[in-house]
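Across the two complexes that follow, chain A remains constant while its partner is chain B and subsequently chain C.
What follows is the complex of A and B.
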């Protein structure tokens, strides 16, 4: 029992780390662009597939961690500007329902792009996990990759992101746009650039989550949709636009899910959403969100 | 668009299609069933809301038919039961999601449908997982039909259901309640100032949309005689939204027009490009939205107006 609990906690931690990286990108993009990118899950999937390909190409296991980072960077740097400039920049002034439909259409397109490029057969490439070996915790051997690397990277992302947003000029510009787009434009902030930078960072985070998840699971069509739905649950539970809140909530949902895997497997898929519904019933704006004033 | 004329033309066209080829009869039946579900999506779009999870209610209707078939031999009752179960589920989910708008409304619906899809896949002992459940052909109005007679009967059942639903929805949209629904999209706060509870208005439309999707799902199950979890998958929800935009939300004929075109194209295209089908839908959806077109119903409307001016 104790051993199972420990195992569930470790699994939950590793899972929460992945979940956080994807969810924080989603919530950051929403905070600034006020658009929920439904295709965020596809960026996760593309990052994962590309990582798997690059790890295969790298050959030497020592290079495999580098390949993961490269996959995340490449996906973010290419897909981010492409989607923001090519598509989203055209719809900032449109109705919410149309914005949602546009990112949903993009999602439909990218899900098939991924099938056309990487096929529908499961891919599995765990060289990075094998490279780092195992560590012993309380009598359990656990992969160092999941125990140390994943939560480590997630913590670095959290710290770096909050530092960037609070302490650097560009970061503070982004926060200014989040609070009031019009006022920010009036004092000379280039909102176009802020949108581009934010979306690219968000896309990169989704791809990073994917790249780091790739060695721990086999990649099949449909991982993108699972991730967007789950990371939306995290973001909604935390409150849209909340970064630290997303970290806490990802941990909460990650742990709850892995506890369910060990102790009530049939509830595994339902638990995250039960949590979300329970939180939203009591606090409709999420755990850390503030209720918005309604405008006439 | 002059409605009675357009409806008569639509019915005549469908009857002609159904006469031409046996497989077209099946496609027309499925198109009508899809159109019913899309009619519900259209109602929500009128309120400025989009649901990415309405396949949930299609699946609810279809699985109700599959589960009840061993105990119930009459197709009409099965369809009614499908509508009832979908509506009850709609009430449960709707009481929650009607509190939300826009992003939350769309994504919460998606989340609920994906939970349902996972459960349908995982609870093998109950649902037989991805294998799905075979439905034994029931009787219709007490007549044990098979072969072409059954195809015709089911097609007519779908046609009658579509006409009935279309008339009801048109009446609803013309009523004060229907105007209140449109006001959710334009100025919800003013609606509340006028003393109308927006949440209740949206919930009513949500229940109607769940019921319509349930009927559509039940008819689909009777036509294919086989139900699988794919009915609840997000791609199916996406197709419903796609058809709604393709058909246009300005007129109750839009969803059916969209559905017929969609199903006819799908018969060929989905087989030819199985891995690019969603991509094609996505591109067409983008083009329609970014060009601010009003869908097929809008196109026909413009055409009719131009002809009218000339004549």
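What follows is the complex of A and C.
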């Protein structure tokens, strides 16, 4: 029983790491821009597809990890500013419903772009996983990529993001805009720049999640949908805009899911949403969210 | 001799004049049309486009070839393709539009079983000939009787019974089985058929895990850990597309294939993509007797020509949906030809076309098949073991068994899930001899 619980915990940790990297970008963007970006799933998918292409082009397995990082950087640096300046900057003052519709439309367009560029046949490029080999725990083989690399990168992202937001000038500026956009503008903060930087970081995180997921799974049309739905569950359960909360919630959902596979497989699909409903019934603002007064 | 009264003469004249307006247009013999319009529903988006797009590609290629040889009885064929991915309501609206606005003559619907179950009643309402070209649920002709629909391929019952018979033929000592199927109708239904048949044939086999990851899952790590710990003799999975590819790769990376024998009834469609990551000795199925290196048809001009042209145009080997599409189109061509001949050379009505499709025997890419009187197609099932050869960068099939339909398909008028309970080790013994792979 002890070994089973350990195995379930290891599986849950690997899954949570992937989930966190996508959800944290989503929650960061919402926290600062106040926009729930449905196209976040497309950035995940494009990051994954680009990573697969670059790993294929890299040829040598030793370069494949570099190719993953490059794919995330390129997607974030190109798509982030393009979407923020070209689209979102025009709808900040609009109603939330319209913002949702616009990002949903973008999501649909980018889905077709993926099919045009990468086709519909599943793509798989697992050189990074093969490069790192296997780890044996209690007679069970894991890949080092999933057991060590993914949780490691997720931990680095969490620490780096927290440090950036709390210890650097730009990070503190972002936090200031999050707390009160009008007051931040009044004291001379360039809110346009903050929005641009934040969205680009968010896009880069989504792409990083996709790039790191790419070597572990087949890339198929619709892969962005799968991830965005689960990420919404993480963000809603944690509370919108909560970075550390997203990490804890991703871990909770990852563990709950793997325990379900072990002990009640029929609950595997529904467990993240059961958890979300249970939390929101008790704490409508999420596990770590704070209720806000509505400004009439 | 009865004298012709004035009343009878009037009635006869009135009937003759009124008939074309009273009777449905479809019931009458027709003028030879300028073209035959086909409506084709397939997945052009979403995960199932991995089957839908090859099916569409095959239709494009085969219709082009058909028109190049003069069409059907001199009438060119054109296809209007619709996407069934947005769901059943969208599909029904599109089918109605094709029938009423675009005047399609025949519908080829669909890939999803849910789509087929929905389109069959609509075809009845519209009196529109409908060929189900790829959907697998056995329920369609078991639970309903459809005047306007036929299916030009087999169904889930033989697709699952055949690999089970193959497994028990080569590994009769199997004691434990685990399943990893997608959590939707096909995953659940195919497992129900396997489990029921397995309990009938060899009651002692224990099911150690029933895992149903969500449809569209991208990660099977937890399932693989669980299977490594349980060490079942056999892992059965009817997953397909990207999910099957992912499962195979993740299982290979974690050496699960070394611990269990895998039975993958849909893996033929993934072989080229997963390459030699799929090890030797895995039981592979093809939803019928479809394979570009079919053991008895690989040297025929028809199959060789199709494979060469398909590969030249799309850069890939054809997989089972392309064969299913070919079967639908060859059946249609054969039915029109037979109906025209039976009609003394006149163009057949829709009713005549449907009457001809039932009971029709026709040649296709890998052999000859028949459509039963209830509308269900009968085709053999090709099952083999994966084998690595130097000629291809992906596994081929070895020790292939072609299960005849009479061994693996339930007879007309019976229900598949009930019929599989009558299977026994005697059925296993009737499996034909395996055919080794030849380069």
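Everything below uses one rule, namely that the second predicted complex is superposed on the first by the 287 of 296 C-alpha atoms of A that agree within 3 Å, B and C clash if a C-alpha of one lies under 4 Å from a C-alpha of the other, contacts with A are read in each partner's own complex, and residues count from 1 in each chain.
Heads up, the rule we're going with is that a contact is a pair of C-beta atoms (placed from the backbone, for glycine too) under 8 Å apart; a residue touches a chain by one contact, two chains touch by 3 or more.
Owing to the predicted nature of the structure, the values given are computational and were not obtained by experimental measurement.
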item: Three-chain arrangement built on chain A, chain B and chain C clash or fit; value: clash
item: Chain B versus chain C as contact partner of A:273, first or second or both or neither; value: first
item: Touched partner set for A:102, first chain B, second chain C, both or neither; value: first
item: Which of chain B and chain C A:223 touches, first, second, both or neither; value: second
item: First, second, both or neither for A:284, with chain B first and chain C second; value: first
item: Contacts of A:179 with chain B and chain C, given as first, second, both or neither; value: neither
item: Which superposed partner A:36 touches (first chain B, second chain C, both, neither); value: first
item: Which superposed partner A:167 touches (first chain B, second chain C, both, neither); value: neither
item: Contacts of A:120 with chain B and chain C, given as first, second, both or neither; value: both
item: Segment of chain B intruding into chain C (one of 37-45, 91-99 or 127-135); value: 127-135
item: On chain A, the residue positions that both chain B and chain C contact, one per complex; value: 111, 115, 120, 225-226, 266, 269
item: Residues of chain C touching chain A in the complex; value: 45-47, 49-50, 52-53, 183, 209-214, 216-219, 221-223, 225-226, 228-229, 241-243, 245-246, 249-250, 253-255, 273-274, 316
item: Touching residues on chain B, where the partner in the complex is chain A; value: 45, 48-50, 52, 96, 99-104, 106-108, 110-112, 114-115, 118-119, 122-123, 185, 187, 189-190, 234-235, 238, 241, 245, 275-279, 281-283, 285-286, 289-290
item: Partner chain B, residues of chain A touching it in the complex; value: 30, 36, 38, 87, 90-91, 95-98, 100-102, 104-109, 111-113, 115-116, 120, 225-226, 229, 232-233, 236, 240, 266, 269-270, 273, 276-277, 280-281, 284, 294-296
item: Complex contacts: residues of chain A adjacent to chain C; value: 3-4, 7-8, 10-12, 14-15, 18, 111, 115, 120-122, 124, 126, 129-130, 134, 139-143, 146, 213, 216-223, 225-227, 257-258, 261-262, 265-266, 268-269
